[in-house]
Structures are given as structure tokens and as C-alpha cells.
């Protein structure tokens, strides 16, 4: 009510120019990214016949969701002003821990799942504490843990199994239940949709709620935008940042569980390099590298753009040698659309 | 140490602070009791902001003691100071430029309702009305604070501290960027706070602001205390003279007199003579 | 699960004959990325031979040609008694191998580079040229009735992988396209293969270049309801099961274990008896095509992680 | 447009500026000639800084015209303004916090000797002496400017503009963070600049600073001009009254009177009555 | 003279505490990194017998120089506040252009070298202009060009040669002369030192001079530290940034030439991922990711640390499965030493 009063008061302010509702919509940070996604979608619909089928769309969504789940927490961390280079291998670590523990000790896989959660959160905590205690930039700290985890993944796996991959846990107790949770294919109106897509949407919704409607969200923006000021007004900057690192660890654990239960064994060398794709998704979606600005929805759209582009090129049957070339061109296209939209929405900023 | 009920709200004794090899403060005493305004005055770079950053918990002092209501403390963060009821307006304002005005206003002291949800309408409304009370009519409390004018930003920081300050209010040059009307409001806020029994620490370069509202005056120079007076010990003229040699103004008037076009200005300056030496306007 | 690998090595170590000659130090430098199954088996072969022959084996690898050359240089700096090297990027290795020759360190090449091996000063070459292996895979794919195939490259620009696909294309006859997937991200591998199958329902053959990707390709085939048949390079124990139940048609096994084992043995023989295997000609270690029929016989070895 | 030799150094006519949908300025005229000081006065958020950012080339105006010495210009960057001899002190100071003081001082106008080498000793020396001239005795000109106190930083920005300003000097609230002595020095600099035939645009909230040195007064409110006067058309009292209703101060004095402990303060305020209404100090 | 006066005046200032000369030395940004390097050096000297030989040291130096040459320009770019993700593949592009042009048209290799220089600088210019014109973050822009270049490297090479590698140009005109310039092994007191080490030192010296003693250097710091302020005082921010991108392109060309003439043919897939090693070297050496702070010497020390660590682990004959683990641990060690030193030098900052 009082808000309505305020609104109308603001509208009457002679120091404000009138804006059409469309303009106002276009001013929202996610809108540009969304339009970029729409342009790409239209483009691939035209150039690739197979692209418009429902089944193809669900493939694209699946690809997007596996990036997107991680991109959500990585975006939160970036809004909070930090990077986590260990995010990619931590997924593999999570999966390996669950696989090795369950298999070697012949336990119900759920035990492995829980132990993996504890270990992964512990790694997130370690990242956070290392960052907070040493005062080194997070880029360096997580680079260190990235390398160490990548090495440990391989070293431990070889030590335990003698091979470079974990053993298949497909026939172990609890596998089917866990698979249903982390990697099931659902039938939605005749189309198979992987459950990760739903989880992705849930995570995005939760992250958006946290960012915009909770105190923690306020603190995350503040820690990234101006850590000194945030500290000065009493925000527990260190605790927020540690929490964000643990958030990344949590989604890494989740992604690791998907990896494990979708493919039943895990290669120890997987995951390297993915951390940058997560960051890329967040940045395409409008997160600032310098922190303090961005949104979870934007990151989700970024992941969707990335997933759509990488699969769209396959659907379009372009020369695979040029795959990355097209990928780069499409990403630039999407971000330029994003930019043009925002410029037009806010002419003189 | 004393622990008695009548202990001052904040008492610093022999406080010193170095930044690396830069000695910013040496052997400074400061005290503010309930219902009292302590003014910290001094030249640029004298160490005033450093002093209040120690009070606010932003920096830890290197030597000396810091007592709050008689209990010795060593604040590790501004959070602890806030929890003790000490709210601060920093000279650099401590705002997060990209965040909306209302989020900045409540940052660190968010108002929540059930389920940890932020009470957004309340916060928006409060921000707007508190700023209106200071004579700032914001277009939109959702504007990023970085796009406000300097004075508007300053007002947000002051309104916030006044809103949350429970026992002690620390203000570092609050009126510097403010217009005539806003500066008047801030001084009135200070008086009101004192009436409500808060302790106020005020930093200013303007003796005309300091003298009417201050009860104690601490004058710093190059990191040391060069004067500590209660109101009855000192007149406004003595205070202004202490803050800077009155020579500056006379020198200026003199120079103007010697130039043709400056004559009028000199006459004007001479007219405002007594109250202008030394300045709010030199 | 606890068999093979390390335990086997330890057992062998405890049984090492003290009379196996003086302790030698041999460096093996490959162009493998970390955690690659194929190279893991090569290493195991080398370690088995090293234990038997009283050799200290130093393994290092880098997929970048220049950096691989630097690793060979470090081996020379360490004054090893022999160097085993892969020649995927022969030009890059040329100078540093000349330095090894100048330092009188014998060099054995393995895996790729049969043609350049002698020219670059290696004594022997043990291996299976990737192109030849690819050709065998192409033939096999044709034999199982595929008419249109994709070759799944899990690391773009990797010489060995490109050679495999090129070889397969040569002998396959029908149209065969490359599909690039990001090998470090299994969900992306799967969705890309799925996308490819959705695009072109005429695809009836898939050739993957590593065992883990074959299993994923099978998932994609099932999901899209395609009737594509899957063949692959390399071997692991899950693959044996898939071969047996027919979801994967064949595997091209280059017998990597042999490449590592023979190379170390050769250096030992050279030092202790002056032997050169094969009289300087390349010694082929494969390709061995494994299908449903012979999956059973090699199952125990794959289980142990040495096939 | 006029192009005559006697054209004002800077003339803005009907200038407007929007930030997105925020209308910051509408139909503003401003003019400064050689040997003249134009003061821009107004409430917080009135648009003063926006106006001088247009003069400085930092923003481009949306409507109206901008002439420099009679030639119409549309500045694409502050570089162009500097090349036209217009030097500016911004309210947010425009310094690079991590860089040493002397590098900041000369940033954008570096002094070089043979081979494009920087003349470091000269720049160090000049920085030090120019700041000493303003009453700032720096410990070390190699200190990052971000570690200086607010007033010290302000002095660096002013000293820099005065050093490089060739024709027009634009000052946005230069004395806000300054001590008594430093503020006096700045006012003297302004008078000196005028004597040397420079045009000066001064923004301030302090009528006591503005009136003695100003020749023209432009008063803004909510983005519009509400008054434009030359010195002879207006008295100091009228000017101060224009800047803000004198009501504020009387209100404050009144409130104080009604409280016991405030009585003394009220008397004090009453004493400073005439010159304090309306305030530099209300 | 006047400086001496100032110094003594400053020393007499009662607001300054006395500092021992050692403390003052320790306060320099490079000192900590240097000490980190020294600690690692001592460490590897103890654990690896082969490490202390002169020939090994020259191998380490060579490895460091190949990173270090790029790290210099990347550090300058980072000080200027930007990233270049295309730096790694641009090296390969440079080498490929020279190789393909020379070989396919049977020209003197020097023609290829010059054409490659023009093309590479053009790519740097493109990066810069794209950045300046679109206003997108450089992370996104160069990500786009990174992917496009990586795709083009492969696509063009396969198109032209039918292979994924260029043909060897070893027996072409001018090869030996070019090799002498870009990839010669020099004999320095009985030890072979690759000429890249000397070039590296030269580049570091030039970059340091630019940074500290020229106007351009001043502008680079300002553009990275506070681009808005820099623009406000008249620094041509856009021009400086374009120049920095071209600087990276220049060293990429140089590194490409080294690659080509040291190994005589180039793999089209190489270079991917190296961009991050360059950034890592710069950050280890004390450059801030947020721009405005750092040094070329620091980046050189960072490259040295990185080169020493990666080769030192090989010399130490540690289990290669754990290679990355050790690498990560050593890097963390070096940076923590760096930090501790700086903290002790400046106690209360």
C-alpha cells in the first residue's frame, strides 16, 4: 500500500522522464541476456532442422543444466567478489569419493553419497578458510587447491583402484534410488527430461530468493561490491565468503553425484577446465568479474546460451573442425545483443 | 577498569596508532559520556579519522586502552562496536556504490520478518522518510547509491547512523558535503541525540558548527593532542583561534586590497570581519 | 577390486631377482594428458618390466610438443641410462633427441612415430601407428554393417586422435564425420552424441576413441532409440561387459601394455646383453580387435587393468 | 557563435542532461569570462556537479549549446577540455588510490625529458612544494594517495588543477574537506587566478566562501536555474537567503531553548545570530 | 640533490617511525616473491640431486622463459586492468601463420615471419578495438576471440595441409638465420642457454622501464587502478588499453616464432590453456587481478617460480600421478612465503 503511494509519488516527480513499460523491462539486467538467448534460439531454429524438436530441446536443456547448476553457485561467489578455480575438479572429487568409498568398503551407495557431501563441504570450507586466513587472492588460493585436487584425484584413484577410473557401482545397493534422485530421466508430456533440469531450476530459484530477499543476499552483494564498506557497517565479510565457497562445494557435490549415478564410474581426469565454463556462463549472464553485480537468473540464462550454442552447432552440422570458431562467434553475438539492448534501454549511461 | 555506572560511554587513554612506519596517532585521550558531545578538531591529516576508526572498531589501536562503559575492550571488527551501540558515519561514507539506496541504508542491520525474509516495503519506506526528514527528496530509493550526488550520499550515511545509533554516535565531517538546509538538520540531529542521552563524537573543520553543540573539545595536530577543553573553559574565539592562526584571513584581505578588482572583495571580507576570523570562511 | 596394479607391482618387486643386472634408471616421456586410461596401461607394462629388470622408471608426460621436449631434456639432465619417448610430434622431439644421442643415452620410441623413429636416432620402435589402428577400426566398422558413421574426438587438435579418425575414414568406405566433444565433461559428451544422433537418424555406426566414451555413446544410442552400433579404441573392464552383452560391437586394442613393457625390456637387454629387438625395424604391438567372441579370454586381464 | 575576442571563456546555453530516465539538468545557462569568478550554488542533488562535468568534458550535454571562447564545442573527453585550458577539481577527486602522490599529481600531464623519460625528481619536488604551499606537509610523496587523509587528498586535487589550469579553473566543492588554514589558501588561490585573468567556476555550499570571491552567482534547484545574479545585484544576505530558508536556524535555536541542557547552546547560537542565519553554520 | 634534501627532511619528520634498510627492502613488492623463489630453490636443491647442475638450471630457465616472455605483457595488461584469454592460442596462430605462408607459397621464412607479425598485431588490435568499442568486459571479448582463434587454427590448418600440424619448414630459406634469432642455444661458460632467456630478460627490462619511467607506464597504472579517474584527468584510456592488447600480441608473435623455429612445425591444437599459466605467473609475482598494481619483474619471478616448480618436481622424481598435487602445494608455499614477508615488513597494514 505504502509502496503504491511511493510509486505514484515518484512518478509525479518532475525530475524523472517517463519510460515505457517495455523500456523499463529492458532495463532489467537479465533482459539483455534473455534476448541474446532468444536471438540464438531463432537463429539455430532456422539453420538446423533438428533443433526445433522437443527431444532436441531437452538435450539442450540437459547440457545447459549440468553447467547451470554449477554456474548458479559460481555466480553467487562471483557476486561476492571471489573466484573458485577448483570448482571443476571438485565435481570429480565429489564423485570419486562417493564411488571409492562405496565400492572399496562395499557399502550402500547412500553412505558414499553422504561421506562425499561431508568431504566436499570440507573442501569448500578449506578454500574459504585458506582465503580468509592467508589474505591471498582467491584466484591464487583456489588455483592451489585446484592443482592439488586434480593431482589427488588421480593419485588417490590409482592408489586405491590401480586404475585411472573408479569401478562401476551400477550393481550396488541403493544405486537405483540414488540414480532416481540425481540422474533420472523423467517423462514430461512425452518428452524425456533429465531430472537435473528440475534441480537446476530449483537451485536458480533458491539462489535468486537468497540474493534478493534475504539478509545473506544483501551481504553477498555488499561483500563483492565494496568489502571495506561492508565490513565497516558490520557485515561479517569473512563468514559470508566462506559460506559462498561452501555453496560452490555443495553444487559441486551435487554435480558429482549426477556424474556418478548417470555414468556409474568416474574418470579421475575429468572436470579440469570446466571451472572456466562456469565462470563464462556467469559472465555471459551479466555477472561482473569484479564482484558486486549479477544475478542467478542471469547465470542460468548464460548456461542456457552456452548449452544451446555448443549443441546447436552440432545440430546445424557445421564443420566440426571449426566448432570452437562458431562457439566463439555465437557467444560474442549473444553478448553483443545483450549489450545493445541495455544501451538502448538506458540511453545515456 | 572503573566499572562504575557513571563511567563514560567511551574512553580512550594514551592511544597510539601506526600505519606501517607512518605514525598517525600518539598518546591521545578521548572521552564521551552520555548526553555529551565531544568535538574532535584539527588540521588536515591530524589523525581525526584514524581516531574515530579506532572507536568504530575498524582499526585496532597499537598502544593505550579503550574502554566502553568502563569495560576495557579491544574491538576486532565494526560489528562489535555496533553491537555495543556505537554507530559511525565514516568520512568515506562506507557505502556500496552498486547497491540500491535502501539496501545500503539497512546494510548490516537488515529488518526481517518471518522465515528470514527481508521486510522490503518497510525498509524502502523508512529509507525514504528518513531522507525526507533530512531535506533529501529522492527520486527512487532503488537507485544505486553510486549515482547519487555527493551530498545525497552523505545524507544516507548520516541518516543510517542516526537511525541505528543506540548509545554513541560518531560523525566524521558529516556536514562537509551538505547544503545549508541539510547541515542545519544534522546539527539539530546531534542536539536531539544528546537530549536522548546518547554520547556524540563529532569531527568538523567548522568551529561555528562545533562550538554551539559541543561540550568537550579535543584538538589534534600532527597526531598529538594540543588541547583538551570543556565548554566552560573556552570561548568560541579562543577555539577558532586554536584551530588555525587567524593570520590567514587578514593576509587574504590584505592581498585583495592591493589589487584593483579585488578591492570590493576586500571590503566585503573586512565587513564580515569579526565572525569571519578565523573562518568557516577565512 | 583390490587386485592388479599396485599389488601386482609390489609382489613383483619383492620377487625381483638380485641378479637382474646393475640398477638402471630409465625415463619414459609421453604425450599423454593426465588420467588417460591408455597411457595408464602403457605405464603399467613399463613398471612391470622395470620391477623385473631392476630398473628405476621415471615417468612424465605433457601433451604439448615443446613441453614434452623439455621433459626429455630434464631426463638428459638427470643422466638416465635410457629414454623411452613417444613421437606424436616428431619435429618437436628432433633436437632434444639429438642431444640425447650426443650424451650417449639410448632412445627407444613407442606408440606413434614409426616412420620417424630411426631418423631421429631411436634404436627401436614399439607400437602401433595410430593411422594403422584407425584403418583397422574403419574396416571393422564396415564389417559389422555400418554405412554412415561418426568418429567421436574427445580432445580437439590431438594428433593421435585425429590420426585414428583419418585412418578409420580411409577404410570405412561410407561417409564418416568427426564429432568434437569435451572429454573432461561426461554430460557434455553425452549430450553432444545425443544431439548428433538426433540430427541425423541415418547414422548407424559410432566410433569412440577411448573406452569411457563408448559407454556414454551406448547411453545416447539407447536414449535416442537409434540403431547405431558402437565400436571403440582401448579397453577397460566395463568395456568387456559391454562387449559381452553386445551393446558395444568391438574394441581396437593396441596392447599398450606391450609398448611399455617391451620398451623397458629392450633398454635392459641393450645394457646387459647388447640386444636390439627387431633389428632396427618397428615392432608392431597391434592392433588386436576384441569382439564378443574373445572378450571372455581377456576379461581377467582387463579386470586387473593391464589390457 | 559570436566568435568575437571578448566572448566569454565558457558559455553554456539552455543545457540539459539526463542520466537514463533521471533528469539531472534542464535549460541551464552558465557563463564565465576571463578574470571572473562564477559561483554555482544550490541544494544537495541540485545538479551542480553534473553541470561542471559537462564543462569538464566528462559528460556530453543532451540539449543546448556549449561554447568555449565563442566557438561551439562538443567535448568527447576531458582530454579535449584540458587541451582547451580547462582544468577541473572533481567532487570525487579523480585520483588513482594505489598510485603515489606525485604520479597522481602529474597524471595526464606528465613532465618528460629526453627519450620520453619521466622527469621524476622534478615531479617529486614540485608535488611536495605545491602541497607545502597549501599547508600540507606530506611525509612522503611516494605514499599511495589512497592512504592520505580526506583533506590531504582534496588538496592534491586542487593543487594539481591550479598548477595545470591555463584558462579556466573549475572547482567542485574544493573546501568541503579542508581545514581552516587550507580553506583560506584555496580562496586565496581563486582570487589569484582571477587576477591572472583566468575564469573560475566555483561550486560551494558556503555563502561565506562564495560571496567574497564571486562575480556572478548561479543558483540551481532540482535541476533548474532559480536565480542568476551579478555581484552588484545582490547582497550577501540575499544570497544566503536564496540558498536556503533561514527558517532552519531559528527552528534549531527554538528547539534548544525548550530543553534544559540546550539553553546554553541556544544562547550561543543566538549570539552568533545575524551572521549565522542562514548558515555556513545554522 | 633536491631529492636528497627531501629524503633527509622526510627522515626528520617526527610522524615517521624508523625502519631498518632490510625492512625497507622487504617492503618492495617483488621482494616477497623473490624470497618465495629462493625458498623453493633451496628446497629443490635439497630434495633433487640433479637440480643443482648447471645444465638443469638452464633447462629450468628455458622453461621459465617461455612462460615469462608472455607473462611480461600479460602482466602489463593486467596492471592496465584487463585480461587476454586469447594469449595462449595466439602464440600458436602466430607460428601457424608463418609456417603455412612460408611453406605453401615456398617463400623465404622471413617473409612468413613478417606476415605473421602483421597478422598477430592485427589480432591484438582487433581484441583491443572490440573491447573499446563494445564496452564488454575484456574477459568476454577475448574469450570470444580465444575460441574463434582456436577453431580457426585447427580449421585453417586442416584446410591447407590436410593435417592437424603444419609441415616442417626446417629446410627452407632463412630457417637457420631465423632460428639463430628466435631459438638458438648459446654457450655461456660451458652451459647451453637458450636465447629465449636473454630475450626474456630484455623484455622484462623494457617493460619495467616503461612502467616506472615513462608516461605510458603512468597511464597503464592509472587505467587499471581507476579508469574513471584516469579519463577525468585526460589519460587516453582507450588508446592505452588497445596498446596493451597489442603488446600481448607482440610477445605472442615472438613466442610463436620461437615455437616454430625451435620445433620447425606447429600443432594446431597447442596453446590452449596456456593463457591461464601466464596469468598465474603474473599473479604469483604480485599483480592484482583487479588491476592497477603489479610489476614486470614480479611477473618474471612468478614465471621463474612456476618453471622451477614444474621442472623441480620432475628432477625430484616424485610420483608423477601426484604431479599436480605437488605443483599446487609448491605454488601455495611460494605465495604464502611472499605474503608472510610482506606482512612482517609492514606490520600493521
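First chain written, first letter: the chains are A, B, C, D and E, and each begins at residue 1.
In this text, contacts are C-beta pairs under 8 Å (C-beta built on N, C-alpha and C of every residue); 3 or more make two chains touch, one makes a residue touch a chain.
Since the structure is predicted, the reported quantities are computational estimates derived from the model, not experimental observations.
Asker: How short can a chain-to-chain path be from subunit A to subunit D, counted in steps between touching chains?
Answerer: 1
Asker: Going by the stated contact rule, which chains contact subunit A and subunit C alike?
Answerer: Of all the chains present, those in contact with both subunit A and subunit C are E.
Asker: Write down the pair of chains with the top C-beta contact pair count.
Answerer: Among the chain pairs, B-D has the highest number of C-beta contacts.
Asker: How many Å are there between the centre of subunit C and the centre of subunit E, using C-alpha atoms for each centre?
Answerer: 34
Asker: Taking each chain's centre as the mean position of its Cα atoms, how many Å separate subunit B from subunit C?
Answerer: Roughly 73 Å separates the two chain centres.
Asker: Report, in whole Å, the distance between the mean C-alpha point of subunit A and the mean C-alpha point of subunit E.
Answerer: Chain centroid spacing, subunit A to subunit E, equals 31 Å.
Asker: Do you know which subunit E residues sit against two or more other chains?
Answerer: Touching at least two other chains: 15-16, 150, 154, 323-324.
Asker: Any chance you could list the residues of subunit B touching two or more other chains?
Answerer: 19, 22, 139
Asker: Going through subunit C residue by residue, note those that touch at least 2 other chains and give them in order.
Answerer: Subunit C, residues with two or more chain partners: 34, 156.
Asker: Taking all chains into account, which pairs touch?
Answerer: A-B, A-C, A-D, A-E, B-D, B-E, C-E, D-E
Asker: Quick one: in the complex, what on subunit D touches subunit E?
Answerer: 56, 58, 77-79, 81-83, 88, 90, 93-99, 103, 106-110, 112, 116-118, 120-121, 124-125, 128, 137, 139-141, 160
Asker: Which residues, counting only subunit D, touch subunit A once they are in their complex?
Answerer: That would be residues 17-24, 62, 222-223 of subunit D.
Asker: So in the complex, the part of subunit A that touches subunit E is made up of which residues?
Answerer: 130, 134-137, 139-141, 143-152, 154-155, 158-159, 273, 276, 280, 283-284, 288-290, 319, 321-329, 331-332, 335-336, 339
Asker: Quick one: which bits of subunit A touch subunit C in the complex? Just the residue numbers, please.
Answerer: Against subunit C, subunit A makes touches at 48-50, 53, 55-56, 59-60, 62-63, 66, 88, 103-104, 150, 153-154, 158-159, 161-165, 167-168, 185, 192, 196, 258-259, 262-263, 265, 267-274, 277, 307, 310-311, 314-315, 317, 320-321, 323-324.
Asker: Provide the residue numbers of subunit E that touch subunit B in the complex, in ascending order.
Answerer: Per the stated touch rule, the residues are 14-19, 27, 346-349.
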